[in-house]
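Chains here go by letter, A, B and C, matching the order in which they are written, and residues are numbered from 1 within each.
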Amino acid sequence: MTTLVTVDGLTVRFKRRRRLTELRPEPFTAVDGISFELKSGAITAIVGESGSGKTTVARALLRLVPFEGEVTVDDVAVHELPRYPGIDYRRRIQAVFQDPLQALNPRHSAEQLIGEPLRVHGHRDAADHSARIDELLEQVGLDAELRPRTTRELSGGQRQRVAIARALASEPRVLVLDEALSALDVTTGNRVAGLLRALVDADNSMLFIAHDLALVRQLCDEVLVMHHGRIVERGSPDDVCDRPQDPYTQRLIAAIPDPADALGR
Amino acid sequence: MTRTILIRIASLIPLVILASFVTFWLLQLTETDPAVVRLGDDATEEAYELYREEIGVNDPFLVQYGSWLANAATGDLGESWHGPDQVSELISERLSVTISLALGGLFVAVAIGMVAGVAAGVRAGRPADGMITAVASSGQALPNFWVGILLVAFVAIPYDVFPATLYTGPTESVWNWLLSITLPSIALGTSAAAAIARQTRAAFVRVLHEPYIRTALAVGLSRRSILYRTALRNACIPVVTSAATLFGTLLGGAIVVEAVFAYPGLGNLVLVGIQNGDLPIVLGFVFVAAVAVALVQLVLDITYTIIDPRTRVS
Amino acid sequence: MKRRLAGTEGDSTFVKVAWGLIILLGGVAVFGPTLSPYDPNIGDFQKLLQGPNGDHWLGTDNLGRDTLSRLIAGTRVAALAGLEATAIAIAVGVPIGITVGFVGGTIDRLVMRVVDAVAAIPALVLAIAIIAAIGSGLGQAMLAVGLAFSASVARLARGLALAERERLYVDGARVVGLSRPNLLGRHILPNIGGPLVVIATTVFAAAIVIEAGLSFLGLGVPIPDASWGSMLTDAQRVHRNHPWQSVPPGIAIFISVLAINVVGDSLLRRRRGESFDHPAGHLEPVIVRKQGEHTEPVREPGRVLTVRSLSVSYPETTAVLDANFHVDQGEVVALVGESGSGKTSVVMAIAGLLTPPADVGAAELSLNTPAGDLSLLDVSRREQYGWRRNIGVVFQEPAASLNPLQTVGRQMTNALKRAGGLSRREISERTIELLNAVGLPHPQEVARLRPDQISGGMAQRVVIAQALASEPRLLVADEPTTALDVTIQAETIALLKQLGEERGLAVVLVTHDLGVAAQLSDRTLVMYQGRVVEAALMADLVASPQHPYTAELLESVPRNVPGVRIEPRIDHLTTLEVPTAGCLYAPRCPHAADVCRQDEPPLREVNGHLTACVRADDLDLAGITRNPGVGP
């Protein structure tokens, strides 16, 4: 088990313009000096509610927002990269976002969506290219016959699987899943979660950003709980969920609705 | 609220300055020689040079602009190249005509446009809506000066109520002033009214699809109350926002329409200015137009803040 | 869905005529000289100022020139002017706008300051200034107009690019590793191409009018060339005695601008269809039709809502088919299902809020109120309003459900006024009382705030308070907690539970989350693709589901219990076709047998549940227990 990502003192500040007319937007710290590591073969979760800064962490790792602190992804010092890092960095870390209908260009077909990263990352040979698309589709459990369908013509689960295949195309070491299951129906989400579990191997690691602690407990290997930009609790899923130390984590756990609650009534 | 207004004023000043800078720079591109304009073709080279020196066109560009701007801030827009007159005096003599028409046009546009747009909006999807929308679509395609020509030919000349060519200033007689700007304002405002009507109606329809309309219905508010309290105010926001741009269009249109009515406005001044190569007049004219648009923008911004409290600076 | 440039099926005759006119005018512009009956610039001094006649179809002007010929010559001028100005405005404005919109930051702010300043000068005024600098003439005039318009085009293009840049798919493409030019060319441009075409049409129409205006002022085409504008100048000189002269050129401008506008509108309409098809939006919900057999409703004591054979269909799908249920006083009935199951359609139909093109029918939809029974079938608008006054509704998106311009207090007042019979003072007392009842601290202060000043959780409490304003007996809640954070969700559930118990409300709760349903509901209906597939007491449903779909839902819900891990699995999803016969769930069902694919199974009673599974008796489906690690 090797360490693929090291985050040390990550801080992200925004100028928050609350109103259009605001002349001098006040600075706002979305992520406040957090540190953690991602290990290969593991799914690490960041759990938090809206405004906790969890999505901003993902965006910092993906070099979509400027940040302070040191972040190393697969031996690349991300904090030293330019605002638009080259494909050499992009190849190493990929992402799947919450709503595939928005995160995938609505006009493009599955084939185009998966072919795009392949081309960008150097699969230019046509036959090879096409075979690789089929292979990626296969890997996420989709039929090759879906290739011509556009984003809009796919079901929610299919879309998210295409998004995963697209992310896997460059064979990244790190996969960031930003609320990747939240927009899916529960049965679909469950299947896609199983797929994620099947895709983690000794060579890669996943960062699973979510608000659903129960799902995180079932899926992930390590849990970080974020609140107001800070990590308030971390540990194994069982430790965090059964023996929460931080009062916020305790509240979060108490709030999880459980179907079995109907039994006691 | 006062703070909001002050901030708006403060943000409009650089806008006007920049606009004047762009125009000043633009007019530098001309090959017109002010000395020839002033002294004619047959003066001596020394006389030409003396005049150029006097009005400062030999100075570096930024120096020229700087002194023009400093003077403009005090209301002095320089001297006409063509004659001894001050540009600011020439403009102020004629400003009332053009501004009267543009404001009259804005009034026609907003009054008729909003009423028609709301009338269509509250009947969205019904036959009356379709009719108003169709009329507005056609009205929008009517060029203002053609409407003006038709009004002169078919209203002013046959019926002796409105003057066809005679402008009366508001200081002379308010009633005659109103009569004299009625037809040009209608000419100017027709197409704009149609545009506003369509825009208001479209804004209305968009608002009627908002979830809070459904909530209002669920809470039991009457159709009337939903339309006139909830929807109307929300629908006005985009319309008010665009009315400033509209005033600019109307100001431009006023120049053409006053030519139709042969009113002695800025259009006439600037056309003669262009024929004579008298660029200070053109510059002064653009500057005044930009200031007028900025002022109307300010008024509309304030209106907007009243309608939409979210935009207030706290 | 293939996009075509012109004449799709949806276009009205109007739009087709407009396209026809544009093609006609284009043809005239191209072939003008060969069509022209006379030389447009040479007059016959014997025939001055004639009206329309056999030789000169549109008459002659003050110099005896043929009006029709001049009109034809003017068409080419107008077309060229429009094309030149539009091309310049687009070529200058679009790259600037898109680039700064896409790059953002300081460059964007600086460039936009200049663009705003230029745009502050009215287009015609700026055009006149440019003409003053570079001289008059058609080419110069249109260069001037094009430049004058480029500022506003840049602003619009920037707005489009900026909006597009914020879209998640752009982040997605960035993460994949696309370079900026690729991102712009492959993703952003194709998506904003449509609106840019619409902008181009407006510029084109405006350019034609401005060309005419400038030529009218003598700043456009040189004398004696014909332009529609210069023809009006000539016409104006004689309009006292020859008003006809100004008619043909004016009509020419009018018709061409109208045709371009109509086409531009149709392009715009194609981009956002819905709001044009049903302009009344939420304001005019559909009326529920009475359908099916007519039986006298059975009155049970304590019954609040009865729904029999409710169906909701849309032009291409059936959202709900034959839903039957009832809710008693103090009872919470949950409708549980995934997206597309029809659960929201059911409650919105009950609330009388479904909008066209929905088609809603039911055999019975009745509400028992203190004032007697109400029916929602085949009612008038007024009766529909009356029905809704007896129902409180809570929606999914609390922030969007409140009027953004009114304070909370004002909106409460409006709601309470409708409830009727209260004095001003009573209304403000009730407002505070209700805001208090929904657990808002400092109700006086909250009442003074606008929706953008409160959090989502607070907004949902305000929506609930509004729903209670008319003291309804039935509360309908559509995913009331879905948009809220987990901790806020728990508080909201607790509030709904407390309010329901205190006030003896009958509640219909729609949720996708069995966990949420378990906290609140007494009975639950599970829906799948528009059908109720199982109905039972909530505890029974959870403990021993009688439909495989319910079992799958229960198994999928993530639970905070030890020892449950998601196992690695790659199910190969073959494309699921909706079956035309038999059970709709069969293609996904692990227990599906031949019998499942024959007829659509009716809802029937098995072990105290209603289930739509034909094999329910044979299956032993697993429910869930409190702690799966320990056993039942």
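Rule of thumb we're sticking to: a residue touches a chain if its C-beta (ideal position, glycine included) is under 8 Å from a C-beta of that chain, and two chains touch if they have at least 3 such contacts.
Since this is a predicted model, take the numbers as computed values, not measurements.
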**OP:** Specify the chain with the shortest distance from its C-alpha centroid to the centroid of every protein C-alpha atom present.
**Re:** C
Original post:
Looking at every pair of chains, which has the largest contact count?
Top reply: B-C
**OP:** Could you tell me the distance, in whole angstrom, between the mean C-alpha positions of chain B and chain C?
**Re:** 34
Original post:
Taking each chain's centre as the mean position of its Cα atoms, how many Å separate chain A from chain C?
Top reply: 30
Subject >> Gap in Å, rounded to a whole number, between the CA centres of chain B and chain A >> reply: 52
Original post:
Out of chain B, which residues touch more than one other chain, so two or more?
Top reply: 310
**OP:** Spell out the part of chain B that touches chain C in their complex, as residue ranges.
**Re:** 14-19, 21-23, 26-30, 124-125, 129, 137-138, 140-143, 145-146, 149-150, 152-154, 157, 205-223, 225-227, 229-230, 233-234, 245, 248-249, 251-253, 255-256, 259-260, 267, 270-271, 273-274, 279, 282-283, 285-286, 289-290, 293-294, 297, 307-310
Original post:
Across the complex, what residues on chain A touch chain C?
Top reply: 49-50, 59, 62, 64, 84, 86-87, 90-91, 93-95, 97-99, 102-107, 116-117, 120-121, 139-143, 145-146, 155-158, 161, 163, 166-167, 169-170, 185-191, 193-195, 197-198, 211-215, 217-219, 238, 241-242, 251-265
Subject >> chain C to chain B touching residues, read off their complex >> reply: 113-114, 116-126, 128-134, 136, 152, 205, 209, 212-213, 216-219, 232, 235-236, 239-240, 243, 246, 249-250, 253-255, 257-258, 261-262, 265, 274-276, 278-285, 351, 353, 381, 385, 388-389, 391-393, 395, 397, 400-406, 414-415, 418-419, 450, 452, 463, 466-467, 469-470
Original post:
For chain C, which residues are in contact with chain A within the complex?
Top reply: 167-169, 171-180, 182, 186-187, 190-191, 338-339, 485-490, 493, 512-519, 521, 538-539, 541-543, 552-562, 564-576, 624-626
